[in-house]
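Structures follow.
The two complexes that follow have chain A in common; it is paired with chain B in the first and with chain C in the second.
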Partner chain A sequence: MANQDKKNRQVTGTSLLEVRNLKTHFFTKAGVVKAVDGVTFDIKPGETLGIVGESGSGKSMTAMSIMRLIPSPPGKIVGGEIEFEGKNLLSMSEKELKKIRGNEISMIFQDPMTSLNPVFTIKKQMVETILTHQDMTKKEAIDRAVELLDLVGIPDARARLNNYPHEFSGGMRQRVMIAMALSCDPKLLIADEPTTALDVTIQAQILDLLNRLQEEMGMSIMMITHDLGVVAEVCDRVMVMYAGQPVEFTEAATLFDHPKHPYTWGLLNSIPKITKKKEGQKRLEAIPGLPPDLRNLEAGCHFAPRCKHAMDSCYSKNPSYEPCEPDHFVRCLLYEEKEEVLSND
Partner chain B sequence: MLNYIIRRLVFLIPVLLGVTLIAFSLMHLIPGDPARSMLGEKATEEQLEALREELGLNDPLAVQYGRYLGQVVTGDLGKSVKSDISVAEELANRLPATFELTLFAMGVAIFVGVLAGVIAAVKQYSWFDNISMTGALFGVSMPIFWLGLMMIWLFSVKLGWLPPSGRLSHEIELTTITNLYLLDSILTWNWEAFWDSFKHLLMPGLALGTIPMAIIARMTRSSMLEVMRQDYIRTANAKGLSRFPVIFQHALKNAFLPVLTVIGLQFGYLLGGAVLTETIFSWPGVGRYVYLSILGRDYPVVQSTILVIAAIFVIVNLITDILYKYFDPRISYD
Partner chain C sequence: MTNLLEVKDLKKHFPIKKGAIIPKQVGAVKAVDGVSFAVKKGETLGLVGESGCGKSTTGRTILRLLEPTEGNIFFNGEEITRYKGEKLRKLRKQMQMIFQDPYASLNPRMTVEQIISEPLRSFNVPSKQRRQKVDELLEVVGLSSYHKRRYPHEFSGGQRQRIGIARALALEPELVICDEPVSALDVSIQAQVVNLMEDLQKEYNLTYIFIAHDLSVVHHISDRVAVMYLGEIVEIGEADELYHNPKHPYTQALLSAVPEADPHLEKERIILEGDLPSPSSPPSGCKFHTRCPLAEDICREKRPQLNQLTNSDEHQVACHLVKEVVETGVN
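Right, the complex of A and B next:
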């Protein structure tokens, strides 16, 4: 399914980014919103990691926690560790973080229409990024900006530099965002639903562009999306999130061929492209029910109320997040019980 | 852009024509005989007739208006019935005084107001936010005459720090070039005059600037709060920019648009409407001139001054609109 074989870049063993048991909560008047509640994953150099989940599952807040840009108040990272190249991002000063943001880790966002500042030219916005992190003259920075716009496929780059964002189409703006994000050769690019706001054909172009740039530049990508099609297209491994927690984490191919978590089954069933493979035009099946209110989560599995396979124990016992097979993490009692059965034998 | 300015300037013509009509009717809408209301009860019939003849009040209205228009177009703003001094000459002295006062007041108002608004927004709900915004609330509702009198009482009468009236002490010599005294004293390298005129300017300037300052501060705060939530601010932070450029470039340039509208309106309003302040501090500007002319029923002066003030107001608005383009490139003038 996932076209890993098309990729000829090197994914090496040691992690570039390691997130362990990350907890980011929002302290609002109406209660504590546990937006991110125990997220653990890692990204290897050159790898594309997908993060999928419904709206509100904490994908963006996981990303913003890595950038250390959680709006505070009301948000606060209350626990866990984030290590980037062995350096602890959570203990860094604002000054040290500025050297990481936009330089070693950069980010692109969902809506290219609003993510660029409307009152500055593209030139100003690109050059300031380059000059913030690199020791260059303004002229060299402009040349670099032209080079980058060329790279992301903006025709007539030098002339377009003097344009304002509103003079570009949505797809072109996302290209500008990508160029800006890549201007300092980041080791990690966080892409938060980079294609959601775009037309389907443009979506494919942007994904192709990201694939190509990754091959050329070798950075890792953290691809946040709610579209499993995107995952199939570009991701090496995937983490599925539900209600602020990871529920399944494995190779993209494995996730499509042997999904373990009932929530993942639900997601796969709700995507026609994926399901029609075997059963023909099977009807689209949305997961019934709604995600829980993150302010008062009940004991037990958060997905249990919507789960067709829920057992009595699911409502009382918190499933642990364990590998059920090597490199295949899942948070579900179905597999814990099995293990118990196995070990009882 | 140039096209736009020319178009706007052409468009000024009907507006100003309308203003001349209003200014003209002013004199004729007043019940009774204008000549008598100008000269008072004790005037003899001969005096009245002489004035009527002089002002052409015996001609049909249309003829009178046509004549008035002809004069205005050639730059003849008439002369005072009381002092016989031409209005144009008087305004040449008084406009710079008002201009200096307004520039100073608006300069302080914009600087303090914008800065306070930005800090209040960035530190929302902090003690600074609470205090400055409560202060601004008082500022907006402060009666200028009361504020002015309190200032005079404290700084002139009690403490004796600042002069209560005028633009310059009598004993100070100043060669005037632009008639903006602060500027002239800098141009002629006359620090004594600079300090003296600054002390004269301080109280009326602050009194006049209080309300615009308060309005600008509140406007800047709410506009900044709105802008700081925008996606492009998140982008600017994610790029690794420091707080200062994020707030004062990325956010403020966007947040400034609604503030600019307020500044333009207030500026025009102050230029013509400093009547109260100029009166309290005996500031020899246009506002005080209008005030004295109304008291003295010197209608030709009132008529022409209103016309000039209206013209300035309209021009300030035009400048504001042009500045808009600088702050928001999305605005198209074609």
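Right, the complex of A and C next:
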């Protein structure tokens, strides 16, 4: 069972990846879009970090920045640091990056149909990936591909290597993508909404598979999702993002038990829970309004216009991203003010 | 409460044809294969299932957007299965649809006013009344009348879905079929739209058929829920009863697969093996037997009927292995 596996997993040691104050902006005709604006987090070896947020919150762009895959122009990483095992990814040349990308950090995407090339067989695509990064003969690479497909639970792997992507179902295609991503034993797997396009029963299979593979191979996973259920299921720590900024960052269990940021409260309250009886929950507590336009963000907290607890100062003062408790970061004036009040006493 | 809609043994098969000059039918995709249920006035019936289980086809066939292959549809006690021409057009006034994709279901070249008033225009409502109605509808769905001169691209996904809802309500329908109305929306916006739909239902006494793959949203909004698998209903019952006391192995697996936003929940997860079989050559007997962890010999041979559970009059299940059922013998 996924939950128990997760609890038994010990996450210790220094960070594998450290991102500090990352800023990725897009310079468009209509203005500067601050897609990622001051993101700070770290991933420890063997842990699963969840990044949650709605569309446009900058979670995918954070991942793309780590992979240095931001389309430029119009995009540009304008500030911050990304350190992977102590090496600065932002100052690397394209050649150095190639050794990391797909090798030590690999990525799986939401839509397995568009991320596989429809005109080549799985064999060709997998062997190409393996040969790019590893010193092998073609025959060895094919054997490795079979081994990987076996690992991700594709029956009759050797025969299926000759199939084209369209001959696989959605869940199977995602398995192929995972197999390709794992072909070089990456230390970090970035999974960008890996189960969003799948049905729940298939989603359960894939989450289970990722859990098992992490257990066996000991890699870290950065799980980007909009589904708090998936977070509760697989993540050790979670970062919640809103309008390009992290608003809360803590252990998964703490986030669900003691959420601090009003946006996190809103998210948790707006999803219906199936384990509760209907009488107990009459109306969903929606967050009013819409996310802000990232081209002209106003001063103050970006969430303030939608926040039930907004104070006057929220519209003028930028909240800082500080720990309100050890290992619990939150970007909200409610907690800063409280401390000020306390320190005044 | 009386039944607004009744569906009896509804089938929709899409022929597979081969041959360039004289195409011959070589098979059929059995998208909907013998579905029966009733919807009471003012209630919400949820239809859930994985992609390809026939839930959308069921919705479209009820609206007569697709011609049913077999079976009967009764609306307000009248059989509408063979309605044609003007009679069908009049009927359409009472049944409307809300679509999944708020980006594709609104014409990008029409203003919001044109979009919402189009159904009114096709039923010859005079223009002055039309304008009034558009203002009224925009307000009802939480937009303002100044929005009516704008085009769909100027709105966010949630707002577009509100426009789609306003269009569906323009003719004051009795039945609204909602085909994945919130799947494309972010959670915070999804809750706004779900709340809006609930408010509108109360205000206008609407009857909903709510089609979705998100089990928690369906549970929240529905009075009763039907679970579909490969074109058949495998279980139907009152929402709380079905979610807390699921009888069919497929319903159990489906519910156990939903990730719940509670890390302390210790859930027994049933992981189904394999994928959905092809609806053009469904398995014999019980269609679920290929993935069912409990399947026995009888499941491979005999197709189970939808039977009433003994302790409840709303809860029906189609499984040979559930014993506490009332044997009716007919389906």
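Throughout what follows, the second predicted complex is superposed on the first by the 327 of 345 C-alpha atoms of A that agree within 3 Å, B and C clash if a C-alpha of one lies under 4 Å from a C-alpha of the other, contacts with A are read in each partner's own complex, and residues count from 1 in each chain.
Note that in this section a contact is a pair of C-beta atoms (placed from the backbone, for glycine too) under 8 Å apart; a residue touches a chain by one contact, two chains touch by 3 or more.
Quantities reported herein were computed from a predicted structural model and do not represent experimental measurements.
With chain A as the common reference for superposition, the partners chain B and chain C occupy compatible, non-clashing space. Once chain A of one complex is fitted onto chain A of the other, the partner contacts of A:D227 are limited to chain C, with no touch recorded for chain B. Residue contacts after overlaying the shared chain place A:L149 against neither chain B nor chain C. Counted by residues of chain A touched, the larger count belongs to C, out of chain B and chain C.
In the superposition on chain A, contact of A:C314 is made with neither chain B nor chain C.
Residue contacts after overlaying the shared chain place A:H133 against chain B, while chain C stays out of touching range.
Once the two complexes are laid over each other on the shared chain, residue contacts for A:Q205 go to chain C alone; chain B is not touched. No C-alpha atom of chain B lies closer than 9 Å to one of chain C in the superposed arrangement. Within chain A, not a single residue is touched by chain B in the first complex and by chain C in the second.
Chain A contributes residues 67, 69, 97-103, 106-107, 109, 111, 114-121, 128-129, 132-133, 164, 166, 177, 180 to its touches with chain B in the complex. Interface residues of chain B facing chain A in the complex, by the touch rule stated above, are 230-232, 234-242, 245, 249-250, 253-254, 327-330. Residues of chain C that touch chain A in their complex: 50-51, 156, 158-159, 186-192, 194-195, 198, 213, 215-217, 219-220, 239-240, 243-244, 253-269, 271-272, 275-276.
The part of chain A that touches chain C in the complex is made up of residues 1-4, 54-55, 169, 171-172, 199-205, 207-208, 226-233, 252-253, 256-257, 266-268, 270-275, 277-278, 281, 283-288, 290.
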